[in-house]
Amino acid sequence: MSGTPDELMVAAAAAELAGVRTVFVGIGLPNAAAILARRTVAPDLELIYESGVIGARPSRLPDSIGDPALVSGATATMSMHDLFAYFLQGGRIEVGLLGAAQVDRWGNLNTTVIGPYANPAVRLPGSGGACEIALNAARVVVVMSQSPRSFVEHVDFVTSPGHRHPDGRSRPAWAGGGPDTVITQLGVYRFGTDGEMQLTALQPGVDQADIDAASGWPIRRALA
Amino acid sequence: MSGTPDELMVAAAAAELAGVRTVFVGIGLPNAAAILARRTVAPDLELIYESGVIGARPSRLPDSIGDPALVSGATATMSMHDLFAYFLQGGRIEVGLLGAAQVDRWGNLNTTVIGPYANPAVRLPGSGGACEIALNAARVVVVMSQSPRSFVEHVDFVTSPGHRHPDGRSRPAWAGGGPDTVITQLGVYRFGTDGEMQLTALQPGVDQADIDAASGWPIRRALA
Amino acid sequence: MAIEGFTHLICFAAGHEIIRQGRRDLTLARLTPDLVYDQMVAAGCARKLIFSWLGNPGVGSLHAVRRAIEGGGLELEEYSHFGMVGRYVAGAAHLPFYPLRSYAGSDLPAANPLIQWVASPYAPGDEVAVVPALNPNVTIIHAQRADTEGNVQVWGLVGVQREAALAAERVIAVVEELVETEVIRADPDRTLLPGVAVTAVCVEPYGAHPSFAQGYYDRDNAFYRAWDPISRDPAQLDAWLEEWVRGVPDRAGYLEKLGPETVAALKPKPRPSGSVDYGEYS
Amino acid sequence: MAIEGFTHLICFAAGHEIIRQGRRDLTLARLTPDLVYDQMVAAGCARKLIFSWLGNPGVGSLHAVRRAIEGGGLELEEYSHFGMVGRYVAGAAHLPFYPLRSYAGSDLPAANPLIQWVASPYAPGDEVAVVPALNPNVTIIHAQRADTEGNVQVWGLVGVQREAALAAERVIAVVEELVETEVIRADPDRTLLPGVAVTAVCVEPYGAHPSFAQGYYDRDNAFYRAWDPISRDPAQLDAWLEEWVRGVPDRAGYLEKLGPETVAALKPKPRPSGSVDYGEYS
């Protein structure tokens, strides 16, 4: 098995969707992974987009999550209110696929700012639907590029909550399962019962030194 | 001018709709009044039904407020949520047309029970949308039959609030204007600035003695 | 459980089957209990009603329900329409409550302590009424059509059908006809519920009679009026249930008794929606 | 004010006209500011953004907006998507707040003190996040068609268009085409907004380019990608505004510059919805 880093991530993310029925899809790699999964390991997978589409059958790989090709031939379209309230918050999403600029050991995701919020070094797009996806999907799969700047001891801003806030707060009782898997070009990570991230698989051709060089904290190992 | 008591009430209620754009219609006499008004004094009147119809053009007088003839040819249909939340509560209804089994001097309406709630002598239908129509329409026109049992000193149950609760509570600040007109087979009543009902017109052939005989309290007079 | 459908698409087929199965002690939710719950109450299926308007629309009372209430044999939990709508919305959205501008100055909160108030954090002293989430074990809805994947489409009045269904643990959709998935996918805007939200689909033409299915058949207003004297007399009502519900094996038997002339008289003339273009993008 | 439309039906025609009119100090609300607000910010129209996702979808950043933020010249009020949806819902429903299951454990409430919490009266200790109502002075939406009575119909993605419009004091609907009222009334389910809720209708074909109108034209993804280098360079961006916005008198001028070939290339093949029968009842 070989491929570009993106292809590796997409393939690993698609594998996470085996047997899944409902996935809430973000743009970019998550979208490619969900479309690949439906063609391979999850033929019954319903692609659900925050723009208001359920059961999309895109005839092309869309540039945006609101592409007209996602609408034509879908099973249902509805208002964003009904989709977010009744499908995402209503607990009908098995997997939420998210990207992020930063992640910490508890799976907290930052897509808001690098640097202080009031005076950012880099202004990122912000939450979109990610905050509520992270809290309401039954489980969350994160697809992101790994480096010492993205795998950090402390995220600059918690956009989408993981298993524990840096200030020690735990997840609320009503929330979904939270981050389940993080997929990067270097490895696949899951979370221990205490909510801490652990390395469970290396991507082809990657060794522990590569992981160490691309991580801002010593990541726990739980390789099979 | 002459007619059956029902025809008198329908004609008087239709006259109240002159120049009105949006009316929220209940079943029975209110429905007949609204349809008559649109054919006469209010050609731009949009008939809005709690079943989820806006701009109905019924080809027949419907038996129910959810008749298929209200849907075919309407300008819009929508969920009851959107209709109640965005049109009624959202303040887009000029006139709400209601019926009632009992009314008191403050315009409190009872459509719930005769006798105590827990052990009623007569169980009536209840609120339906009337409670929120009474609170959210810009003004409320009541069409009902008048007798000592319906025009009462104390209603057995306040289903739909008038200008003042029997316990003295006033209307909340966010509410619409409340009862504006009560139309019966005997007279037309409006409300003083203090919120008390007053007789403003007699139906043809009716005199003060008829009013007195059909009222549970001495109704203030403000005849033109 | 709930059988929803506001005037439109009331699933009498399901109500009758529940009567035939001899179910007991059900808690029945519906904005307008209508004839379907009058029949189920008369048949002894119900322990409790959760509702907002209790009548035979345009006719008068639901006499079996009134007798049960006035005799003390039926528990009531009463709201306004928007309160019931809000209960389903909160249930479908996994929220503990739904806020609405209602009930201030009404005696309904005194009659139903589940109607509560919350303070707005944005304006001191501003209190908003709230109703709690309602999550039926089962919601049964009727609809015009579905495909074998369980995607359900409705046109005309949708009432609270989406919210009542999505609030439930299990959803049964009874439809007038089964269509190809391509028919559904040609017009995704008409989909009330996607297949992922539907537990089971049953095909039962005329299953909403004497209520109606827009474009398929009219409301049987004559039956609604005829129900008043039947329901008024317990003996007549029981005879009616024996003949029209317990005396037929299924909905096909009911339809056969109803007869082709009644069915034909309820058929409307065609009035097409017209077609719009979604575009093929590739 | 708000120009809404999630990816679909973003009214660039309105944004460009506002730039031409030289408006200043606007507070602009939109879930996804998109290129339309990047252009308006670059042109100096905006004082503040209320938003939930700030990017060029599938491409990268909105560079003019980023420069304004990083330079401190643009105030921000930030939510998640569902928070923005809820703000419009509360605004349209005349509620002081909208409750949602979000924000717990996120730093967004610390960044935006308007995100608050209310306690559920039904479960001790259960706190629900709330956002305040948003009521724009004006909401502009784009739609496929309307009639002269102002009834507006949309198919495909509706996003938050109904709620954003009904939350506003004034509603402007810009449409691809005007149709006979009978076309609207043949299919009332497709009506996004009835005429009673619409202040004005403008007919502006291709008014949503480079976003799309389902069935009418495709999203101009090439333009979205081309915008990245333009927006990155203030001089190029200003030259673009001079040429494509200030340099044309109106939308017709923009379309003429765009040219018939680009327009033709965006046209999809037909994919009809099919027609359903509402029935004629009399």
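Letters A, B, C and D mark the chains in the order given here, with residues in each chain numbered from 1 onward.
Basically, a contact is a pair of C-beta atoms (placed from the backbone, for glycine too) under 8 Å apart; a residue touches a chain by one contact, two chains touch by 3 or more.
In this text, all values refer to a predicted model and were calculated from it rather than measured experimentally.
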item: Chain of greatest Cα-centre distance to chain D; value: B
item: Inter-chain centre distance, chain B versus chain D - centres from mean C-alpha coordinates, in Å; value: 39
item: Distance between chain centroids, defined by C-alpha means - chain A, chain B (Å); value: 54
item: Interchain centroid distance [CA atoms averaged], chain A/chain D, Å; value: 26
item: Residues of chain A touching at least two other chains; value: 53, 67-68, 71-73, 77-78, 85, 89, 136, 174
item: Residues of chain D whose C-beta touches two or more other chains; value: 89, 93-95, 100-101, 126, 156, 162-163, 186, 189, 214, 218, 268, 271, 278-282
item: Chain contact graph, described as a line, ring, star, complete graph or other shape; value: other
item: Interchain contacts (touch definition) - all pairs; value: A-C, A-D, B-C, B-D, C-D
item: Residues of chain D that touch chain C when the two form their complex; value: 93-97, 99-101, 116-123, 126, 128, 130, 132, 144, 155-156, 183, 186-187, 189-190, 214-216, 218, 268-282
item: Of chain B, residues touching chain D in the complex; value: 21-22, 46, 53-55, 57, 59-60, 67-69, 71-78, 82, 85-87, 89-92, 136, 174
item: Sites on chain D touched by chain A in the complex; value: 6-8, 31-32, 51-55, 57-59, 61, 66, 69-70, 72, 78-82, 85, 89, 100-108, 110-111, 126, 156-160, 162-163, 212, 214, 218-219, 221, 224, 268, 271
item: Chain C contact footprint on chain B (complex, rising order); value: 27-28, 50-53, 62-68, 71-73, 77-81, 84-85, 88-89, 108, 112, 117, 119-120, 123-132, 135-136, 157-162, 165, 169, 171-172, 174-175
item: List of chain D residues in touch with chain B within their complex; value: 89, 92-95, 149, 151, 162-163, 166, 181, 184-186, 188-189, 191, 193-197, 278-282
